[in-house]
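Each of the two complexes below includes chain A, the first together with chain B, the second together with chain C.
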Partner chain A sequence: MAGVSLSRWTMSYFAAALVALLAAETMMVLGFGFPSAPVEAPATLVLVHVVALGWLSLLLCGALFQFVPVLVARPLHDNHLPFATLCCLLAGLVLLLCGFLQLDGTLEGDWPLLPAAGSLLALGFVLVLYNLGRTLWAGRPLPLPARFFVAGLCGVAAAASLGLIFAFVLTGLATAPPLADLAASGLPLHIVAGVGGWLTLSAMGVSYRLLAMFILAPEDRRWTSIAALWGGIGVLLLAVGGGAGAVLLNADPTPVFVAAALLAVPVLAAYGHDVIRLYAKRKRRKLETNSLMAAPALISLALAAALLLALLALGQMPRFAGAVLYLLAFGWLSGLGLSQLYKIVAFVTWLECYGPLLGRAPTPRVQDLVVESRARKWFYLYFGAVWFGTVALLAEQALVFRGLALLLLLATAGLVVEFVRTRRLADVAIGPQGQDVPHRPRLLCALVAQP
Partner chain B sequence: MISRYVDLDVRPILRAGGEPFAAIMEAIGRLAPDEGLRLFANFKPTPLFAVLGARGFGNEAIEMGGGDWQVLFYPTGEADAYAPVDSNSDWPAPVRNVDGRDLDPPEPMVNILAAIEAMPTGEVLAALLGREPVFLFPELAKRGHAWRGGFDADGTTYRLLIRIGGKDAKP
Partner chain C sequence: MSAESDALIERVTEALRVVIDPELGYNIVDLGLVYSITAAEGGVVDIVMTTTTRGCPATGFLKDGARDGAWAVPGVEFVDVTLTYEPHWVPEMMTDAAKQHLGFA
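Then we have the complex of A and B:
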C-alpha cells in the first residue's frame, strides 16, 4: 500500500516519441523511403525504424514506466534509470539511422555504426526489461493486463536480439552460418516479434485496463481474455520460434507464418469480443475523446487482420505487406497511442499540478485541461488520412499516398499542439480565486518527490 | 489454551454496505487473555490477518461455502513490538462514507481529499472503491493521515479506511 508516484521521465519519452512521429510523417510526405523507395532500400529501413523505435517503442516505454506501477500497485523499481535508458535508446536510434544510410553510401566512412547502434539499443532495452521486470516481479500475482506486458517484453527481447544479429552479420563482424541464415531470411521474424509481440501485445494489455478504467466497465476475468493472452503468446512462439527453427533447418518458413496468421484470427476475435463487451457494459454512457478515438484504432486492427487474410488467400501478401504494416502501425498502434496520450498527458499533468491542492483550494477537473472539440477534429483527419492512405498503398499510388501523408502530418501536428497546450495548462480558465498552482509543470519531466 | 471463542457475525454489516472494522476491533479489545474470536464474513478478510497478526493474533480461515468464511483468531502471545502504532490502536467507527465505485478516476480521489479536509484529527472516513487508489496514498502520507485498505475476496471492491492525522503538513 505504498502508493505510486508520477514517473519522472515519462513526458520526455512522449516528447521524443512525438518528434520521431512528426519526422517519419515528414519523410513520407517528401517521398523518402517506402512506398516511393523499394521495401528493402536503406531509406525504407530508416523510415520504418523511426516509426517502430523512435515513435512507438519510446511511447510504449514512457507509458509503461507510469502504467506498470499503477497496475501492480507498487512503485517503479528505479525512477531515475529511465533517463539513462532514454539516452541509450536515442543514441542507439541515431547511430542505427546513420548505419542504414552508410549501407547505400549516403554516409561515407567505414565505422561499425550498425553494431554500435545495435549494442546501444540492446543495452537500452535491457534497462527497460530490468526496471519493469523488477517492478512486475515485486507485484506478483500479476493482474491480466500486466501479463500481456510480460509477453510484450519477451517480444521486444526477441526483436532486439534479432536486430543485433542482423547488425553484426551485415557488417561482417559475425560469420557463423546459423547467424548468417537468420540475417538472410529472418526479417519477418524481427517484424512479427516487434510489431506483433512487443507493440501489439502490450497495446492489448494497456487497452484492457485503460478502456475499462475510463469508461467504467467491469474488469471481470473472462476466459476470452485469458484465451487472448495465451493465444497471443502462442502466435508469437509459433511465428518467431517456429520461423527461426525453419530458417535454421534451411526449410521454407512460409507455412509456419501462414499457420501463425490463422491462429491469430481466433485470438483477435477473442480480444475483439472483450473490447466490444467493455464498451457495451460500460456505466459511463457519454464517451470522452480518448475512449471514443480508441474505437477507430481498434477497427484498424480488425481491418488489418482481414486485409492480411485476404492477401494471403489471394497470394498477394509479400507485394502488399507494406499496406498491412502501415495500417497496423498508423491505424492501430499509433491511433491507440495518440488517443490514450490525449488522456494520459492531461491526467498526469493534472495530478502533478493539482494533486497537492485537492480539497484545499478550488481546482479544475482533468477535463478542464483539454478542449475536446478541437482535438476531435484532428483525430477525424488523422484516421481518415490513415485509411485512405492504406487504400492508396493497395492501389500503388505513391503520389496520392504522399498527399494523404501530408494530411496525416497536419493532423498529428494539430494533436501535438494540443498535448503541449495541455501540459502548459494553456486551456485552464483562471478562476476568480486565481486558481494558482504550486508550480507550473515542466514540459519534459515531472517534478515529483522521490521516495 | 483458548477457553472459548466469542462469535462475531459481520455479514449483516457488510451486506448493508457498512464497514465492520470498528466492530471487529471492539470485539478484539473485549477479549479476555484466554479467549479467541470466531468471525463470520462474506469474504476472506485478508487485510485483517496482518492487522491482527501485529496485535499478536494467529488465524485459521475456513471457507463455509456460498462465499462465506469463518475465521478463528486466537492469541499467540507474540505481538509485534515494531508494528506501526496505527495497527495497534483501535480506530473509531467511521463518521463519513464515500462511495467511489461508480466514479471514473480521479473523481474518487477528489471526493475523498475534499471530505477529509473538513474532518477533525482522529476521525475516520470509510470509502468503497473500484480500484486500489495508488495515487491517493502518497497524498495521504504527505498530509499526515493514516490508512488501511484491501480488496474484497471477489476483487471488485476496495475498502479503504482513512484516519485523520494530527501532524497535517499544510504547505
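Then we have the complex of A and C:
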C-alpha cells in the first residue's frame, strides 16, 4: 500500500483561512460588529461569517482534504476538485459579506447578493461533501475519527441548507410559510449545526487521531469514544432536528435546546476523559508545541461547556451567548486549529522539500523547520487574550475587549509569520538549505513529485 | 548465511540510518520500522519495512529512501523494498537509543 499523496491545494485553503482570521480580528479591534454593535447588526453578521466560513470552515476543509485520505489510507477521490471548491467558497463568502452590508444600506443596489452567495456556498459545500464522501466511502469500514467527520459533514449540510433558506427568505425570493418560520426562528439551529456539528464534531475527530499519532498514545477503541460519537450525533439530531420540528409546529424550541445542552454534558465528559487518557498514556513524554498547545484549546471547550450550563441555570444565556460562542470559536476551534496548523505546515513543507532527498543526503527533521520556543510565546499570548477577552464580554466591557482583541491580533500575526518562515525554510540549519533544496516550497500551494 | 552476506547486511543497515522518519525525527532502523534485511548471492538485497501510520503521506518517500540508501552501498547490485503492515508498528519496537531520544515512557 503506497502512501497517499499530498493535497496540492491544502496550503491555499490555509492561506485564505489565515487572511480571514486576521481580517476578523482586525474588525474586532476596530469595533466592527459584536460586541461594539448589536448581535443582529449586519456588521456582526459580517464578522461572524468571516470567522465561521472564511477562517474555520476553510481551515477545516483544507485539513480534511489532506487528512481524510491519511485516515482511510485511500487517495482523495478527486485531487483537482478542491481548487474549484475553494473558488466557490471564496466567491460565495465575498458575496455574502456584500449582501450583509446591503442589508443596512452600507452597500447600495438591489442585486440579489444573498441568494447568489448562498447558492455559491451551497455548491462549494456540495463539492466538499462529494469529494470527501466518495473518499470516505472507498475507505470503509471507517475508523472512529472518520465517523466523526461523517457526522461533521452532515452538520455542514444542515448549516448550509439553513443558510440558503435564510438568504432566499430575507430577499423575498422564498415566501412559503415553513421557510419563513425557519428564517424567523432558526438562527440557533444554524449555529448549532455549524459550530456544534460541522466544526466541533470534525475537530473532535481530528484530535482523536492527530493527538494519538503525535504523542504516540494507544488508539484502542473504548466505549467512551463510541459514546462521544453517538452522543454527539444525538445532540446534533436533537438540537437541529428537534429544534426545526418545534419551529415548524410553531412551538417554543427553547426546551429542546436546553435538553440538547444537557445531553452535550456527558458527551463532552466522555470526550474529555478520552483526551486526558491519551495524554496520560502517551509514550512520548516530551510534548511538542502542537500537542502542548492543543491542551488550552481543549480546556477552552470545557470552560465553554461550564459557562453554557451556568448561564442556562442563571437564565442569562441570551444575554451572554456571545461570550460562549467567542470562547468556542477562538479558544476551542481556533486554538486547536492554530496548534495543529503549526505542525501540518511544517510536515507538508518537509515532504515537499526533503522527502525526495531521503536516502540520498542527510535531511532535517520536521521539528528542525520551526523554532518552538518562539512560537510558544505567541500561543501563550493568544490563549491569554482569548480567555481575558471572554471575561471582558461577560463583564460587558466592549472597550477592554477591543484592547484584548489587539493582543489576539498580535499573537495571530506572530504565528502567521512563523508559518511563513516555515514555508520559506528560514529556520533550517541542518541538511540542504536555500538554493541547495531541490524543491523550494511555494507559499500558497504544495507542489511535490510524489513517488 | 555467508560472512560476506552478513557484512553486506551490516553495511546496508548502517546506510539506512541516514533515512529518518520525518515526524519522529529518528532513523528508521532504530525506530524499528525495518523488519528485515536479507542479502542473496550477487548483491541482491531485500528489505521489508513499515511506517508508523498506514496511509502516511511520507510512505512513498520512506520506501524510496530505503531503496536509494541501500543501493548506494558498495556490493549491492539490486534492492527490493517491500512495505508491510503485518505486524503493525508499535513504539515498543524501537531500540533503547530511539526510546531515549524520544523520551519514551
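Everything that follows uses one rule, which is that the second predicted complex is superposed on the first by the 441 of 451 C-alpha atoms of A that agree within 3 Å, B and C clash if a C-alpha of one lies under 4 Å from a C-alpha of the other, contacts with A are read in each partner's own complex, and residues count from 1 in each chain.
Just so we're on the same page, contacts are C-beta pairs under 8 Å (C-beta built on N, C-alpha and C of every residue); 3 or more make two chains touch, one makes a residue touch a chain.
Bear in mind that the values here come from a model prediction, so they are computed numbers and not experimental data.
Visitor: Could you classify chain B and chain C on chain A, in the superposed arrangement, as clash or fit?
Guide: Pair status: clash.
Visitor: Please work out whether A:Pro362 is in contact with chain B alone, chain C alone, both, or neither, and reply first, second, both or neither.
Guide: So A:Pro362 only meets chain C here.
Visitor: After the superposition on A, what does A:Arg285 contact: first (chain B), second (chain C), both or neither?
Guide: Only chain C; A:Arg285 stays clear of chain B.
Visitor: After the superposition on A, what does A:Val128 contact: first (chain B), second (chain C), both or neither?
Guide: neither
Visitor: Decide which partner touches more residues of chain A, taking chain B and chain C as the two options.
Guide: Partner with more touched residues of chain A: C.
Visitor: After superposition on the shared chain, which partner residues are touched by A:Ala73: those of chain B (first), chain C (second), both, or neither?
Guide: In the superposed model, A:Ala73 contacts both chain B and chain C.
Visitor: Applying the document's definition of touch, where does A:Leu404 land relative to chain B and chain C: first, second, both, or neither?
Guide: neither
Visitor: First (chain B), second (chain C), both or neither: which does A:Leu307 touch?
Guide: Neither chain B nor chain C is touched by A:Leu307.
Visitor: Is A:Leu210 touching anything from chain B or chain C once the two structures are fitted on A? First, second, both or neither.
Guide: A:Leu210: touches no partner chain.
Visitor: Chain C clashes with which stretch of chain B: 41-49, 59-67 or 95-103?
Guide: Only one listed stretch clashes with chain C, namely 95-103.
Visitor: Just which bits of chain A does chain B share with chain C as contact spots?
Guide: 1-5, 69-70, 73, 213-214, 216, 283-284, 347, 350-351, 355-356, 358-360, 363, 366
Visitor: Enumerate the contact residues on chain B facing chain A in the complex.
Guide: Its residues touching chain A are 102-106, 109-110, 113-118, 130-132, 134-142, 147-149, 156, 170-171.
Visitor: Quick check: in the complex, which residue numbers of chain A touch chain C?
Guide: So the residues of chain A in touch with chain C come to 1-6, 66, 69-74, 213-214, 216, 282-286, 347-348, 350-351, 354-356, 358-363, 365-368, 450-451.
Visitor: In the complex, go through chain A and note every residue touching chain B.
Guide: Per the stated touch rule, the residues are 1-5, 69-70, 73, 213-216, 218, 220, 283-284, 347, 350-351, 355-356, 358-360, 363, 366, 438, 449.
Visitor: Using the touch definition from the top, list the residues of chain C that touch chain A in their complex.
Guide: 16, 18-20, 22-23, 25, 51-70, 72, 83, 85, 91, 102-105
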